[in-house]
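This is the structure, below, for whatever I ask next.
A, B, C, D and E label the chains in the order they appear, each numbered from 1.
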């Protein structure tokens, strides 16, 4: 394979989902069957290309595509190990979520618009992963904002529009903050490429005060999407979107893009050694911890199931940021792998929430009484997800918490372990009651028999994806040591970053 | 051969205009389209030619500079002509089906005269960009003003007539104030040729007076912030293709003149305070325009105020170029210039697309009030999508031309040490997001009442979509266009542009 | 203070008068009138520049510019008068309406 | 510049400014236009003084004559009670 | 900004008066620095006049050195005519025909004056080469003749069919255009008149310009008249004006 074709692979990956989206939008509302085929074919193609690219990078070929937009602005796509982590996650889950969404939306209105923008969001998310320099990252970062807006306001109801407005307000503000930091840094240090060693390290000491201002600007700019503490407000409000959107976007694509952005800023823009001697890493860890605890606390009191899951996401994503901000290979490996694990587990939970809302129209935690008997498979998947979130051993969540705790001890920051323990207790605090009401209480309305037989279990389109993701989260936990597991990949990334 | 390209770009639309004036409606529509394509082709050929041979000067009638008039084309003039050509062709094809649709007898008579006046306007714009003689520019400015007012008052309804009158008075006053500056310069230096003036000028009361007066006159014609009173009613009440022409092209012509005068003629007399005044005007325009846009109830009025705001971005090249004694000032002055010109291009494309889409809305729903936008996303998906894409470019979000322009302007402003302009530009982008989404939001909500929409010809929507996509594409690949812009170093700060 | 400076000053005064009247007077025709007076002022200044102490004939270029300027001013005035009359026929008002005034 | 030349120029400039002021600020529209026509003629005279006779002729013909006629006709049109406009115009 | 207009008037008028005064003083100061010696182009023009085909310097500048300005100026006039047609919703002047007037004096006056006006216009046109005069003065005189014809009810511009009327309007502008195209055909710079027969070309162009200026001037005056005014009968019909 000569270099020309391999360098076109990243463009191929992006084009796969972009053109699918375009095709779906052009197909229009009527042709549902053609749309399903195009969508699934696109998703499968994208996954295949990502895996092929993974295999090539594994064998050591460097894949990079450069394209100059303006004098010193270069559009660079590069497949490095960190990008595989996020890209693999989002393309795989896109395929699964598309199947789920086809079942979920049935024959609702505006499905063409939904699936079109859905594929464009994934293009943006994968673009964020593949970005080779800070400009390309910003381009896809803003493209993500734009392509998710129509999904958030998909249902068109009044509070959907209000949710959309808040979502825009936060993400646009975040984008503007990041842009200020980005351009300020560009003026000081010139174009910043993720591959070369951090340019910021070479800057004269006089610039330190300015760099100390630029770093929070960029972190909070990206932190808005990662739902860091002061800027997490939009995530629960954006739950107004349909279930597949909350599942893929607010659990995987958008939020992870924020966390991924924080990782890029810390590892590849500023570089760890610059940040550690500026003493900026510990404040970041503190903010992450506040978010973790705050998110879990708010989740305790939420009766609406999706809002509870949303607050849980707010706190879980900050694990990644915590891992990134704690010095040491194991801690950052734990953080990075949580990026994948949390994605799989959270998407299972959101799938179940969608299933419950669709089949038995249960939206609140209190309404879930006695569902265990009526919808055994859904509740089983939910239980697996919940246990994973809490961090029980066989499921993936445990692995990341274990590595995080271990890394924190190695780095000599015991208080991080305290935070982990507290959040685990809080996780248990808001997940176990749900399981208890679902499995062990009789449904208060004794018309259990009156429910139509079909309400027993959701239809295939929606149930199988949920089960697949549940199995995946267990698999990621058990087979963590395997060659292809997210953990080994995260470890390779962490090793690369620390230059071991 | 290259010698005849420059006058050809002026003669062709004039010929088209005369033919349209005397012939029947169908013939003039056909002539309009053919002339539009031919003119665009000529400008394309001229670009190719200038890219090879560099700056060209053409002595009209064979008489050399002080006595005769020179036509001069450099990167800056070419860039503006390319912009006019792209927007011109799109608007022409849009107008073919837009005016074809209007059956009311009253509209029909107005529509006949659209073609000759529009061709005349296009020819005078090309003449303005090519002209190297400031008195000649005065005459062309006058034609531009009259033609623009003629187009505004095309439909003859009450609103456009009053708006047209206000516009005409502002244009006439602006031209006269500009003429006063021309006379001052001629009195002081005995020539009206831009390049000769650039070499002869030296700081003094006359030069300062001339600069102030000419800039003031042109600011009035560019509808810069305090003097923008005539623009919103004129651009909002005019028909869609006309508002697109006005917002995208006519307003930019006088901005081009200010730029040409500041860099080529008055480069010796620019003071830092003058630069800061222009920057302050730009800031005022962005803030005032955006705030007013947020308050409007009609889509076209909102877009007109958005023009007032977006013009503000163009003005940050002046404060940056004012302190040209700093270390490597030349580099970031050139970047600032490219930023403001690219913003002009991106804004022209995006604004044309939004105005054309608003025309489709007006045509289909009968009114462009915000509430009538409910549920249009399902019924007019292409138009709403075009508006969204154009909105992305207006907001300056990454994949678009607007972003590249904002990037270069902010970078130049920060590098020049005048960091206080940067938050204005970025804040302006957020405000733009405010009013763009205010238009798009109702389009997503389901239409409660399914009143029948007037059928809209496909070509209207495609023109709007085409321009929107173009405004995004120029964001992806800017190097070629900017290389064209930099031919002849228009933003160089030594004595006048290279001849 | 030579003759041409005296007339140039007169031209400036006329220009300022016209500008002030244009802003103040509400009636459309009077606005057109004030623009003509402004034009008159500028042309007077232009022609006095040509008459600076000369040898055999005054500087022809400003005079040619002047002729062009006069004709341009005439056609602009004719255009404005046609528009003003149209406004009067349609709206019956000879002033530009206040409610159209725009912030 | 001999004394009487100064006198003549002074008179012309005074007349110009006086006529301009009167033309702009008189009550009656017709009178304003007439004053403007006289202003045009005096302007032509000024140009003759400034050694541009042919342009003075053009200014007299165009400035005073044509613009005057146009403004007079418009003034008359503005004084007539306006014909009922076409309803579509509203 | 939406306070009552009355209270706007007072401060606004004071403000603008102050502003006008400042402008005047500012310009007067700038005047002082203007050099006294004739820095203009007198010498340059004088040197080139023999090659310009006309003797009178102003006509030389107007129709040879800066002929591009004059051409665009005729363009402005054409634009004014287009504007008039647009605002009066007309494409020709056919429906403003006047009934022939009964007064003998007007008839006699027109029969005497019109040919004289044409003669004067021709003289002005011809004299342009040697002394004061030229296309614009001649055009205006001819135009006033056209208006006179219309006033007396004689067949005049209002009898011209639409297409001919509009062609008459553009003939001046078109002549310069054709001259330029001819120049380009021969590979010369546009609007360049070979010195040998520059005079005749200028005369032809001036004649065409005079024609269209006369048509425009009379159209601008006649076109603005209300439709079909008959001295005694009520207007026959009022199409949508």
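In this text, contacts are C-beta pairs under 8 Å (C-beta built on N, C-alpha and C of every residue); 3 or more make two chains touch, one makes a residue touch a chain.
Bear in mind that the values here come from a model prediction, so they are computed numbers and not experimental data.
Q: Going chain by chain, each one touching the next, work out the least steps from chain C to chain E.
A: Shortest path length, in steps: 1.
Q: Farthest chain from chain C, comparing Cα centres?
A: A
Q: Among the chains, which has its CA centre at the largest distance from chain D's?
A: Result for max centroid distance from chain D is chain A.
Q: Quick check: more C-beta contact pairs in A-B or D-E?
A: Answer by contact count: A-B.
Q: Which chain's mean C-alpha position is nearest the mean C-alpha position of the whole protein set?
A: Closest to the centre of all protein C-alpha atoms: chain B.
Q: Quick one: chain A and chain D, Cα centre-to-centre, how many Å?
A: 77
Q: Averaging only over C-alpha atoms, locate the centres of chain B and chain E and give their separation in whole Å.
A: Distance between chain centres, rounded to whole Å: 30 Å.
Q: Just give me the whole-number Å value for how far the CA centre of chain A lies from that of chain C.
A: Here chain A and chain C have centroids separated by 68 Å.
Q: Two or more other chains in contact with one residue: find those residues in chain C.
A: Residue numbers touching two or more other chains: 2, 13, 15, 17, 19, 32, 49-50, 54, 58, 61-63, 65, 67-68, 70-72, 74-76, 78-79, 81, 83-86, 89-91, 101, 103.
Q: Give the residues of chain D touching no fewer than two other chains, as numbers and ranges.
A: As it turns out, chain D has residues touching two or more other chains at 54-55, 58, 62, 66, 70, 73-74, 77, 83, 85, 88-89.
Q: Could you tell me which residues belong to chain E and also touch two or more other chains?
A: 27, 34, 39-41, 45, 58, 61, 65-66, 69, 73, 76, 79-80, 83, 87, 134, 136, 220, 224, 240-241
Q: Mind listing the chain C positions that touch chain B in their complex?
A: Listed in rising order, the residues are 15, 19, 22, 28, 31-32, 35, 38-39, 42, 45-46, 49, 61-62, 65, 68-69, 72, 75-76, 79-80, 83-84, 86-87, 90-91, 96-97, 100-103.
Q: Can you list the chain C residues touching chain E in their complex?
A: 2, 5, 8-9, 12-13, 15-17, 19-20, 23-24, 49-50, 52-65, 67-68, 70-72, 74-76, 78-79, 81-83, 85-86, 89, 98, 101, 103
Q: Which chain B residues qualify as touching chain A in the complex?
A: Touching chain A: residues 335, 377-378, 381, 385, 388, 392, 397-399, 403-404, 407-408, 410-411, 414-415, 422-423, 426-427, 429-430, 433, 437, 441, 444-446, 475-479, 482 of chain B.
Q: Under the definition above, what is the set of chain A residues touching chain B in their complex?
A: Going by the criterion above, the answer is residues 25, 29, 68-71, 73, 75, 109-110, 113, 138-143, 145-146, 149-150, 153-154, 156-158, 161, 164-165, 168, 172-173, 175-176, 179-180, 183-184, 186-187.
Q: Enumerate the contact residues on chain E facing chain D in the complex.
A: 56, 58, 131-134, 136-137, 140-141, 143-144, 147, 217, 220-221, 224-226, 238, 240-241
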